[in-house]
Every structure is written in C-alpha cells, then in structure tokens.
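See structure below.
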Amino acid sequence: MLLNEWLNTPAGSKTESGYPFAFLDQGAKKEIRRSILKAVAIPGYQVPYGSREMPIARGWGTGGIQITLSLIKQDDILKVIDQGCDGSVNAVNIKKFIQAVARVALTNDTVEATVIQTRHRIPEETMTSEQILVLQVPYPEALREVEASEAETRRMHAEADYSRMWLHLYEDIVNYGEITISYRYPVTINKRYIMDPSPIPRWDVPKLHMAETLFLFGAGREKRIYAIPPHTPVEPLEFEDHPFRVEDFSGKSCQRCGATDTFLDEVIDNEAGGRTYCCSDSGYCDKRSAIWNR
Amino acid sequence: MEPLIRVRGLSKRFGKGCEQCLNCTGPLYDTNLCPHCGSVVACNDVSFDLFRNEALGIVGESGSGKSTLVRLLNFEWEASGGTVELHRSALADTLPELFAEQSLYSRNLLGLTSFQKRQIRNALIGIVYQNPFLGLRMNISSGGNIAERLLGAGWRNIARMRERAAELLDKTEIPVERMDEPPRNFSGGMQQRVQIAKALSNNPLILFLDEVTTGLDLSVQARVLDLIRTLRSEYKLSLLVVSHDLGVINLLCQRTMVMKHGQVVEAGLTDQILQDPQHGYTQLLVASQL
Amino acid sequence: MGYVAVKGGNEAIEQACQLFAWERMKGSSRAVGVDQIRDQLYLAVDRIMGEGSLYAPDLAALSFKQAAGDTFEAAFMLRAYRATQPRLGYSQPVNTEEMRIVRRISSAFKDIPGGQLLGGTSDYTLRLLDFELLENDEARRNAFRERLFAHLPASEEIPASFPKVIHILRREGLLDESGAQPPGSDPFDITRQSLTFPASRSAALQSLARGETGGMLALAYSSMRGYGNIHPTLGELRVGYVPLTMAHPVSGAPYTVGEVKVTEAEVLARFEGADGMPRFTLGYGLCFGQNELKAISMAVLDRCTRTAQPACPAEDQEFVLYHIDGVESMGFCNHWKLPHYVDFLSDLDRLRKAQQVARQSAPEEENHAAE
C-alpha cells in the first residue's frame, strides 16, 4: 500500500452497521496515521496518542485494532492471530468486529495477507515489504521492570540513561546464571532506544532485525504507538559472554506436520502428563501438513 | 601549576529569593535566612580551586553549606549562581564540545544539559555519602553496585566486570566471596567501603567524600580513613573531604576551607589553620575539638 | 491422541454471548423495564453515567439492564457509544451557583446563608432490611405517596440560588487559588490527547470525573485514614441541576441547551503558604448524577495530587490518574483470561534452564562439604 493512495482514501461511506468505514471517524484516523508516521520516523520511540474507546475492552487489543482500522482499505486482505493461531478466541473476536465495520477479505494464509494483526507471535513465514504486521502491546515500556514511574522512564529514554536496565540483566545472571526474561525481551533499536517488542517469545525476536516488512506496535490502554521500519537494526540486550538465546526445541517436532524449525506449543496430553508438540503458527502448520500428509 | 577545577561565586538558595539575599546572610549576620524574603542561602558566593592529586578539606558545622557544596558540584542540585570550570587536560578528548578552541578551561559546567552533566559525572567524579542508602542500591548485589557504573560506560562482558569488581573489593578490603550479596547485609564500615569501591570503578579524577566516617565506631573510622589515604596516593586522586571533624581533615587534607553560614571564612594549609587560626570561628572550632 | 484443534473458536464465542443473555432471561420473573431501572435504580444509573462519561439516563439504564447489573460493563458500553457520537462543541463554563438545588450541606459551618438542606439521602437511614419491599404492592406505594404529601407543613419558598460557601472564604482572603486555570483558556481534552505528567488541572479533573467510584474511594480513604496529610473538611456538598449554555454557532450569544444533574464537593484542606501567606487549599470534585462518595473522593484526590512532595500513593499524581479509570483497569484485569500459553511456554523454557544451572552448581557444593 503506497503512501499517496493511503492519504487519498476518500472520506468513508458508511457500512451497514451505521458506522463510518472501519469504525473510526476521519479525525481519529488522521491522528493515528500521523502518530504512526512519527513512530516510523523515530524507530522505537513511544508516541503518545489519543487512544479512542472501542467496543472491545482495554487490554484486549484496542491499540492494535486502532492501527489496523486506520490503515485498512477495502481491497486489503486481513489475517488476525492470537498466540499464533487464527482460531484463537481473541483473534476470532477481533475479526468479528472488523468484519462488522469494514467488510474486508479475511485469510489464514500469511503469504496472502496484506495486513496481519497479531497478539504475542510473529508468523513463521518471512513477511515482505508489501505487508504490514500490527502487534498488540500490553506494556509499551521496556523499562517498567526497573522503574514504575512513567515520568522517570521518559527521562531515561530521552537521556539514554539505561544503566539500570543493564544492571537488572547483570543481577539475573548473578542470581540464576542466565537472563531469565522470556517474552518481552528488551532490544536496542537503531542503536538508540531500548524497546519492548511486546510479549513475543525470544524465538521471534531475531525476525525483527533488518527485516523487509514494517512492524507497528499499538498499546491502546497505555495510549502509545511505536514502530520498527524496514531495514532497521534490532539487537537484543546481551553480554559478550552471555549471548542471547532462543527457546530450545531440540529433539522435538510438530506431531501434525513434522516441522523442527518452528515455535512449538506444548500440549499436555493425558493425566499422566504426557506431552505432544504442535506448531504455534496454525496457518503455517495447516499448509505444511497438507503437503506432509498427501 | 593550574588547578583542575575552578569554582567561582557558587551560590545556592532555597525559596523565592530576592536581590538582598546574598548581602544579608552569612557569618557577619550570623544567619542563613534572608530577612527580606525568608529564603535560605545555603551557599553564598563560594570560590576555590582544586588541584590534581591533592586533598582539600571543607570543615564547618551543620548549616555551614559544606554538604550543599558537594551536592552542587556533583550536579545533584541546581545552583542559583556561579561557575565551575574544568581544566582542558581532564576531558578534552572525550568531551571536546565543552572546550572552546585554544581555551585552557571549559565552559561553565553548571549550564550544561542533564545528559552532559551525567557524562561528566560518569567520566570524572566519584562520590561517597555519609548515609550508604544514598550511594548504594540496597537491593542489588555489591558487585552489581560496582558494575552499574561500568555498564553505564558501555562495558558488556560479565566476566570482565566481575574481575574489575573483585579487584576493587579487594582493594577496599571486602571479602570477594561477598560480591553477590546485597550491601544491606553488611556492617556500616563495610557499606562505606563498598561505596568507595563503587566510586572508584570508573577511574575518576575526583572523589567527593561527604562525612563518610561520621557515625562509625572509632576503630572502623580509622580503617576507612587509612584506606582512603592509601587509595588516594595509589590512584593520584583529587579529594574534596567534607567533615565537621578536624581530626579527619587533619589526617587526609593538605589544604582546608572553613565554612560558616554558607560562606568561606578562612582557607589555607591545614597545618597553619589548625595551629594558628585567624578567624574567630575557626579559633572556636579548633579550641573545642583539638 | 493428538492435536487439539483450536478451531470452532468462533462458535464457542457466539454461544458464550448467547448464554450470557440467556442467564438474565431464564427466570420466571417479568422483564425489567428500562424505565423502571431509570426511575427506581437511579443511583446505579447516575454512577454509570459518571463512569461512562456520558449524560444519558435512558442509555445508562439500558446498559445496566444489558450488563445484568455489572456497573463496569455498563459504563464500558456507554463509553464505547460515546466514542461514536459527533463532537458538537464545548459548553460555556458552568456556574454551579445557578444550580437548582436538591441537596446542599456544609460541614465546615454550623449554619450557612440559604441553610443546610438535607434533601433525599440515605445518610441517616437505619440499615435495616425492609421486608415489605419483597412484595410488589402497588397499593402500598400509592398509600406511601398519599401519606407523604398529605400533612406537609406550609413550605417556604426555596431561593433560586444559593451562595457558595467558599466565596465567604475567598472574600476574606482565606483561600489559596494558585491551582486555578487562567480564565478563558481552553480545556485539555483527555479523549484526544494522552496524559503527560505533571498533568494540567483540567486534564486531572477530567480523568477524575470519569473515574471508577470504588477505586477512587479506596485511594481517597488511604489518604483520609492517615497515609496522607491533608486533613480535609467538607466546605460544601451540592446535588442538583445545572443549566448548560453554549455559544450560538452564528451570533455567539449564549443560549441554554438543557440541564444536567451533578454532584459537587468542595473540600478544604490544611493550609499552605504558597506565597508566604498561609491559606486554606481547595480540593474540587464534580460528577454526573448523585454520587456523593465519588465527588468527595474526587475532591480529596484533587487536593492530594497537588501536594508538592508526595509522601504516599494517593499524593502521587501519576499513580492516581493512571489507576482510577474503571474501563482501563477492568479491561486489563480481564485480559489475563486470554490465552497466554506462548508466553508461558517461553517462561517454562527459562525456568527449566535456570534449574539446570542450579543443579550443575549444587553437586560442586556437596563435594566441597565432603572435603
């Protein structure tokens, strides 16, 4: 989707539900788009914006939804996932809402989608420069772990005063031999800001680095938008002698499609505690198992 | 020899302030309180030089302004007036923007942004407080406290940081096995020594010591003071030693300033001041303590 | 066995919504009318309007019915509806002296010009259950109405307006007004811009006005009980109807568009000498409908968060304003019920690794002990 097209989208005609196209009024769309542009211009900087009330509860993806609604056009193809799965309750609920206000085509196929909204996972199939990934963010502030006050964390970002964050990681290593942060692993973006990549697992963090696609992060309740533009360095915080590591799935494979290179959900099979593993990315798993099981 | 730091006309006022404040307070008026506007003048037009590799003492009672002086120089509080300039040899390579072409001294450090002040503090200054809770993070390990400055300076190797922390703990006579314990569990004397280790971690040129032995047992005091003396000569540090105790000043400092009600009333070689005090207040101090 | 299909999520949600609606309809009782809720459960309606930040009694009653009595959900629905309504403009500043009084009291003075008017309040009721209300006896209701109006003494004319108690203090120079916004300045709009700190007075008051009653009460209580330092006295509490005027879009002349019922509380607190002269400081609370707990809590919190040196959470402006919005807090609390299994798996991985590391170092210690 090109910027010119985007800006020239005519004032929306209403859908059957009586709301403007994509629910948000023109003023809201304009403000959110401007916030997105500012976020893209300053990678990793949390842009405060006037987050609108949605018919979906705060904490349930209103930030991601507002971004998607302000970007989406009639000819877009939308995919929504939660924990990697198209059929998960949060994803289904969001699709219901967006369909009611914006009748766009839906898909479960990462490759087919033009806009993907996600909660806590990045799809396994690498996305292109023609696609946008919108991530739902509960905690936009990476430094919240070491500092409760918003006024103080804003100052820390402004002055690149990050030693307390690094100290937190040092203490982890001293106490546990490892950095214990699992999801929301802090990264340095564009060699300047420390950023929270949202609760994606470590597995997905490397996908953010020098990527082709645009990543947009929306925190509705906290009222912040931030972005990783394409081709931006995104480096997890690590030490020379304690490098960043992703989750360990060695020896395991998806029992449905056989994959050994995806993030696997652990399913407790029976009362005895037996485990099976399945791809968290259900759309990808569907494709693979269709081939595997032929 | 040129001084490392030049302080001129340093003042700090708490409250509304008026034009009369500096003229109506001080030792001549026997008060810090401005009679016109009720402001407290904690530091009143203080000027001095600090040279490399020397220890300068600041002595006075509470309310004299000596601790305020240190907080101002450590950029913790905003000064109400005055200049603080650094000699070129100190930071010209790392922070060239502070020095005008060919100028021997920097711009007024008090007018810099908080980002710049923090850079200077990290590169140049270490501080040890009377109350270890001010200088240390009690929920973080002692090694972590020392590592914080290193991390701020960009160190990214755990093993090397722990090596450096161990080295400093050793120098400050703290058992290295206790590196991963938080200082909250340590004795008062040990906490002070952790503060010293932390203050030295970034190889500062200047160390501020604010009543560091006040409140400690005499034997513990002696040990800490001895350590400071040894470290000073080993690292060729400049010290600014604040104390109300003339014994401490005598032990550590070649030169001394006496402060009363925010102003410097007497300054000179420590020996001379203690043996032959000129100002009435200094005479009182010496007579009561020594 | 194998793969647990998380398909059918769509259907599960649909059925859950249906079942929720069914829960309220399944009994043998008659459907409750929106008019009944509006008239007889009016305090819930008032609370919902305040927290939903929309003055619409019928819609508030509707949302309360639809939410089966859950005030968080009901307020949420009103907020969502509000977000879809076009913004027509701002009213002129409301002068609460023009209030059509329903209730008006002051604790700071024994008697005040215009008098203490208790109005209809539960304050002095004995909290004994009235078992006669178990019956829906229309005859009893009518008899009560007749009895009430039958033997009323000749009433005095209630004045059209009552002077504000704080004006008395203001006239005598006893009130500190350094917190006031300059007149004629535009209000901040918290629905269009996000808060930054320190927040302006209008931004803070807007946030408090739409805050959740219980949350605000808890924080205000912590201050009153001793964590705070302000020692409040209720200068004046008013409940009544205030006229709303707007500037005519063409002529600019003011014209009245209607009236809204509000509760206003003004709390006087320990004096501070901002300009050297000690004065009382004012805490201000205002909310839709009759909601006295909220108005008083709001006034206390307004005053607390303007303390120069916060010494407890209720005095920390950031802490208070971030945590009193019911729609935000309820949404986030509920969100923990969403699937978090990927996050959790990532955590499991970390924990297993950390246990591995702990086990590796343990045998060494055992060896040392043995030596």
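Note that the chains are named A, B and C in the order they appear, and that numbering of residues resets to 1 at the start of each chain.
Basically, contacts are C-beta pairs under 8 Å (C-beta built on N, C-alpha and C of every residue); 3 or more make two chains touch, one makes a residue touch a chain.
All values derive from a computational prediction rather than experimental measurement.
Farthest from chain A in terms of Cα centroid separation is B. Which two chains touch most often is answered by the contact tally, and the pair is A-C.
Separating the CA-averaged centres of chain A and chain B is a span of 48 Å. Between the CA-based centres of chain B and chain C the separation comes to 50 Å, rounded to the whole angstrom. Chain C has its Cα centroid 33 Å from the Cα centroid of chain A. On the side of chain C, the complex with chain A involves touching residues 1-10, 12-13, 76, 79-80, 82-84, 86, 189, 191-198, 318, 322, 327-328, 330-335, 338-343, 345-351, 353-354, 357-358, 361. Residues of chain B touching chain A in their complex: 114-115, 118, 137, 140-141, 143-144, 147-149, 151-152, 156-159, 161, 180.
Put simply, chain A touches chain C in their complex at residues 19, 23, 25, 31, 48-55, 57-60, 62, 82-85, 87-93, 96, 119-121, 138, 149-151, 154, 176-178, 180-183, 199, 201-203, 221, 223-224, 247-248, 255-256, 263, 265-267, 269-270, 276, 278, 280, 282.
Across the interface of their complex, chain B is touched by residues 158-161, 163-164, 166-167, 170-171, 173-175, 238-242 of chain A.
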